[in-house]
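Given below, in the form of structure tokens, are the structures.
Next come two complexes, and both contain chain A; in the first it sits with chain B, in the second with chain C.
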Partner chain A sequence: MSDFVLETRQLGKVFGSKHALRDFNLQIERGGVHALIGSNGAGKSTLFRILLGFETPSVGSSFLLGESSQALTPACRGKVGYVNDEHTLPRWLTPKQVKAMQQSYYPLWNEEVYRNVIASFDVDPNQKVGSLSRGERAGFNLAMALAQSPELLILDEPTLGLDVVARQEFLDAVLFCTEIDTTVIYCSHQMEEVERLAEQLIIIEKGVLKEHCTPEDFSARVQLWIAPLEFRELIRAKIPNLLSSRAIEGDVHFYVLDPGESFGSRLGLLGIRDAVSQPLGLANAVRAYLAKNHLGAQQALAC
Partner chain B sequence: MSKPLKLSIRTGDPRAIFKQVVDAISLAIARNELEEGDKLPSVRALAMQLSVNPNTIAKAYAELTAQGLLDARQGLGLFISAPKQLLSREERSKRLRAAVQRLVNDVAHLHYSDDEVLRMLATELGRIRTVSKTGGAA
Partner chain C sequence: MLNLFRVEFLRYRTIALAVAVVHFMALYYLSTLTDSGAMLVTPRPNMWIPVQIILCSLFGLFQMLMHKRGNDWIYLLHRPLSLRQIFAALALAGSALCAVMSLLPALLILIMLDSNSLAGIEAQHYLVLLYAAAIMFTSYFCGCFATLGSSKLSFLAVTVATSYIYLRINERVLLAPLLLSLGTLWLAADAFKPDLTQAPQQLWKLALHELPIQYGLLWFLMTTLVMVSAAHHSLSGSGPFVNPQAGTDFKLMQLPAAELLQHALQGSTDPDAGFLSQQVTLGEAVLIAMPAAPQYALRYQSSAAKNKMRMTAEDGTHWIFSHTNMLYEGRDPNTGDFKGWLGPEGIHADAEPPAARFASPAMASNNQLLTDDHNLYSIDWQQQRVYQRYHSEGEDTFLDVPQLHENMTTVMTTERLLIFSSSDVRQPEGALMPRAVLQLPTQSKGLNRQVVALELIDGYLVAVLDELSQMNIGTDFDRFGHTRLQLYRTRNGVVGQQTTVDAPIPTAVDDFSIYNSFVAAPGMRLLTDLYWGWYLDKNLARTLPVPFFRFPTAVLLLAAVVSVLSAAVTAWLLRTSTLPVRSKRFWIVANAFTGLCGVLSFMFGHHLGKAKAPKLPVTGAVP
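The block that comes next holds the complex of A and B.
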């Protein structure tokens, strides 16, 4: 049996002339919480859709719990919970009816978990799904996914548009998953959630897998430096791995990837004086890393 | 019963959450807010209290145990240990150098004289030492 809950091999997907995924090789080991991060349109949702067999890849292959995504057995599907931001459900049915229909597919159905989640989101089981609020639908979706006692839970921006209380419920649900050994793939733009939950960080940019490491290792690789503004052009021209730079009053603030231990001395050799580094948390490191995609826009604004 | 920990963490902090937990507990011990024999909350309880991954707490507890600040008692949990030093001389020296380097980086551009920085550092260190000697909370 595969040790990976999820695996892709040279996976690619093209929509028209756009590469949604390109030569994508990812292996996620069983256990823990893995955060998937990327800008909008980076390919995260396409990746999930292919993995779950909703979409066919243009090239390559993908596997969920050791089975090919293109031929998932009902038993395998029953072990994978999936919640996305749309919380799509049959609007004309009540939660009670939806549950009655789906529960029989899941041999490990946990009624207690279902009831707890439904109660914490205050979902009325007899109200039509169409008239539930966004938060209630999210809660119902989460209850259905958790109650099946999944081996793998995929959460694709589940807290988008939810209030702080509902967000906290999702956070607690992921913490609950760590207790029952469910592997969680968590896709979110909320860096606060990622920082609290993630043991592994997976960064996707323009359909390409860029980084796969622990949050600590990633934070250590991105540094913020501050130097007098007069050196801005020199920095832009001479610093390899420059992620972005911006002028703030009399200084230039610039982010560098993998600067190395002697970066300060190298700046000195380039004639860049009085530069100091500032500590950077995970959220700012990720923001700086992803910002290089938006550099064109930043420069246009600066002009 | 374990002692409730007055501990808060901040997302967005330059320090990883595991490091914030290590720092907070080390400081609480230095200030005698946590004393020898006090029981710490379980990994699960502290993870729920702070809404963070239990593995993060487990990692912080492992680090504190490696530093000799905590003792694991089989089946009973984790307790604040009697003062001892488990880290090697090299490791202590490495950590001190790293901490000093961070301080230097942070204050380099603030235009304080060396004396002013040293005086403030001595005051802060003195504050911790006084509290641990008198055994009272500040």
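The block that comes next holds the complex of A and C.
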């Protein structure tokens, strides 16, 4: 058995002249929740499609549970759960019928897990799937994915469009995965969810793997500093690894990647006086990190 | 797999049932207007088959499109089932739904009409459903392939099914549609894979995927050409059909009977040509209608023959030929009450069919004459008797019912034209003696013949325009330029005929019209001939024309130029390609073979995109 549930080697995908993925090397060990983060168009969905064998890589290779993504066996597919943001299900059937069908495919079907999850979303088993609310459908979809007893569960923005309560229920259910030794790859734009769930953070930008570390490590690498507004241009010109800066109430707030322990004294040497560091949560750290290459966000922050 | 089949079937069950009900109602309505089962069973292109082709193609296209969109494709395929199992479940469900929509209403209407004996449905009529099923499944899988195929031009594969619309429907050639449906099933199954943009890896598979696409391109090109040509002919008032040149086949075909005889006499070596010409001016030249093939059904009734297999007696009783009993069955048209059987020995009122039956299907004309393969009968309704009037020996069989004209009655056999005196024929009984028996040359399959006749003072004058071509389907190379005009004269009391004219007639169709498809796409044209030639039961020369048929030099040269240009353009397009050398060679050779279709398919399909992809290392191996 492979040590990694997921592995990519020099993976690349080209659409016409656009590189959706480039030299992508990723290895994910068994267990835990791994959050995949990136801006829109960063290549997350392409990565999932390649991993599940629905897209052929232009270069490199990828493996799921030790099997090449391009030749996944039915048995391997049975060990990988996949939930997307649309919660695709046969809308013309009732949850009862869908469950009966799914159950027949998976020998390790866990009825208890299914019942527990579905009960928390209050899904009527005799109502047509098409008439379920988005939250109910998401819960039902997750219940089905979890009941398969998957070794790997891929969740692609599953809480998109869910209300606060449904989202909470969903996250609780995902947390349950960690108790049943399922490895979860969780893709989301909601940093609060990532902060709550993730044990590992994977950040993609423009098809390139930028970061793969724990949330704590990542948070430690991004710092928020506040200095008087008069130093704004100096900060922009002289600070290395500057992620972004913005003016707020007579001060300039700027985010720096890997500033190092002596960053404060270096600011003094540059003539930037009265600069102070502020604690920064994961959500803000990721936001600042991703905004680096996001022109719209940069402009918004600058304003 | 069965669960998936069930789920897929349930998805469309309501719409399938709705379509089936509408279909049944439409057929029922048609059955009240037209000749019962003939609307389903006809050798001519009719509405039913095209509707089924379009319906099933669209359903296959739609079904796969619904799975292909968004995340549905991943939902469908990402489950612990093999691709083959998933496709089998979908294809079975799709086929079953097509059967519900198309075959079930047809079956029900046949059964319903069958229960009404006046409609005259025979057991063998149900065979048409088998034929329809083969075409229906071909259409359905073509529709699936149109969505699943990796080429952007995969939708052109639907042309394979729709081209049946233009062809004679004949379930005696059931093997071809069955094989084609299996072929399209394989195509759709092979195209069914997670990454739909990925072209087949093996070259032979790629070639098979390309075939229906290029066939569609060929039809598209030819249809465009025909439409442009027709528009030009309409605007200019010229062209082989609108205004054929004098002395050509289509011009002669348009001439009235008397003028055709006069034209033939102009080249005649007959010393009495001048006198004969005067007789043509004074007499009544008649056009003898050629029997439509197939003349009567061996295993079904054609709509044309159907009209020749029913009679209305003087007392109003409807008599309809029963293939099951090989007798005419009489019923009261108002009450449906059984009135009796009509066989070679007369009319029998008993419900039990008599022992003496017709040896082959008997066709009726004028409610008075009956013709089976070898015998001509007349019916005496007053005496309830049937008389055998003429017997044809050997393998020479009647092709049609007699045609009664004012003075002469003609009837075609497979080899001869028999001319009787109409006054003799109108007698209820007595052996008929033909006044003239003309031995006609054997007719090539698929070609037509036009015959005109005139009664002379001392015999008959018959002009035959033989081996006439029609530009109705696929334009065989060997279809044109074989027309001959023959003039025969018979004399009373003299056995045999005198042939005074046997001249070749040039065709009005130019080389460009005949060979354009061969020049544009030589390989595709030959492959198309191979299939349709076999399907249409043509002879070997038409199915495999290259070794048997002598092409004009200019045509061969033009075809060679198109091939070379296609290969050159392909090679130029591939100059920056990262495709393996083997694939490059394949495309160059294949496009040289298939000409314009090959290049167009290569340019507008997915292959050029692949060729242009940036150079990257090859995908790694499994660890």
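Observations on the structure shown:
Here is the rule we go by: the second predicted complex is superposed on the first by the 294 of 303 C-alpha atoms of A that agree within 3 Å, B and C clash if a C-alpha of one lies under 4 Å from a C-alpha of the other, contacts with A are read in each partner's own complex, and residues count from 1 in each chain.
Note that in this section a contact is a pair of C-beta atoms (placed from the backbone, for glycine too) under 8 Å apart; a residue touches a chain by one contact, two chains touch by 3 or more.
Just so it is clear, the model here is predicted, and its values are computed rather than measured.
Once the two complexes are overlaid on the shared chain, A:Y106 sits against chain C while remaining clear of chain B. When the two complexes are overlaid on their common chain A, residue A:T46 makes contact with neither chain B nor chain C. Contact with neither chain B nor chain C is seen for A:T94 once the two complexes are overlaid on the shared chain.
Looking at the shared chain after the overlay, A:A283 reaches chain B, while chain C stays out of its contact range. Looking at the superposition, the partner that touches the larger set of chain A residues, chain B or chain C, turns out to be C. In the superposed pair of complexes, A:S244 makes contact with neither chain B nor chain C. On chain A, the positions that touch chain B within their shared complex are 32-33, 168, 171-172, 175, 178-179, 191-192, 195-199, 215-216, 219, 226, 274, 276-284. Those residues of chain B that touch chain A in the complex are listed here as 11-18, 44, 47-48, 51-55, 102, 105-106, 108-109.
Touching chain A in their complex are the following residues of chain C: 3-4, 6-7, 10-11, 70-75, 77-82, 194-195, 197-198, 609, 613-614, 616-623.
Chain A makes touch with chain C in their complex at residues 2, 7, 9-10, 12, 14, 16-17, 49, 52-61, 63, 66-68, 70-71, 74-75, 77-78, 80, 82, 84, 86, 88-90, 92-93, 97, 100-101, 104-106.
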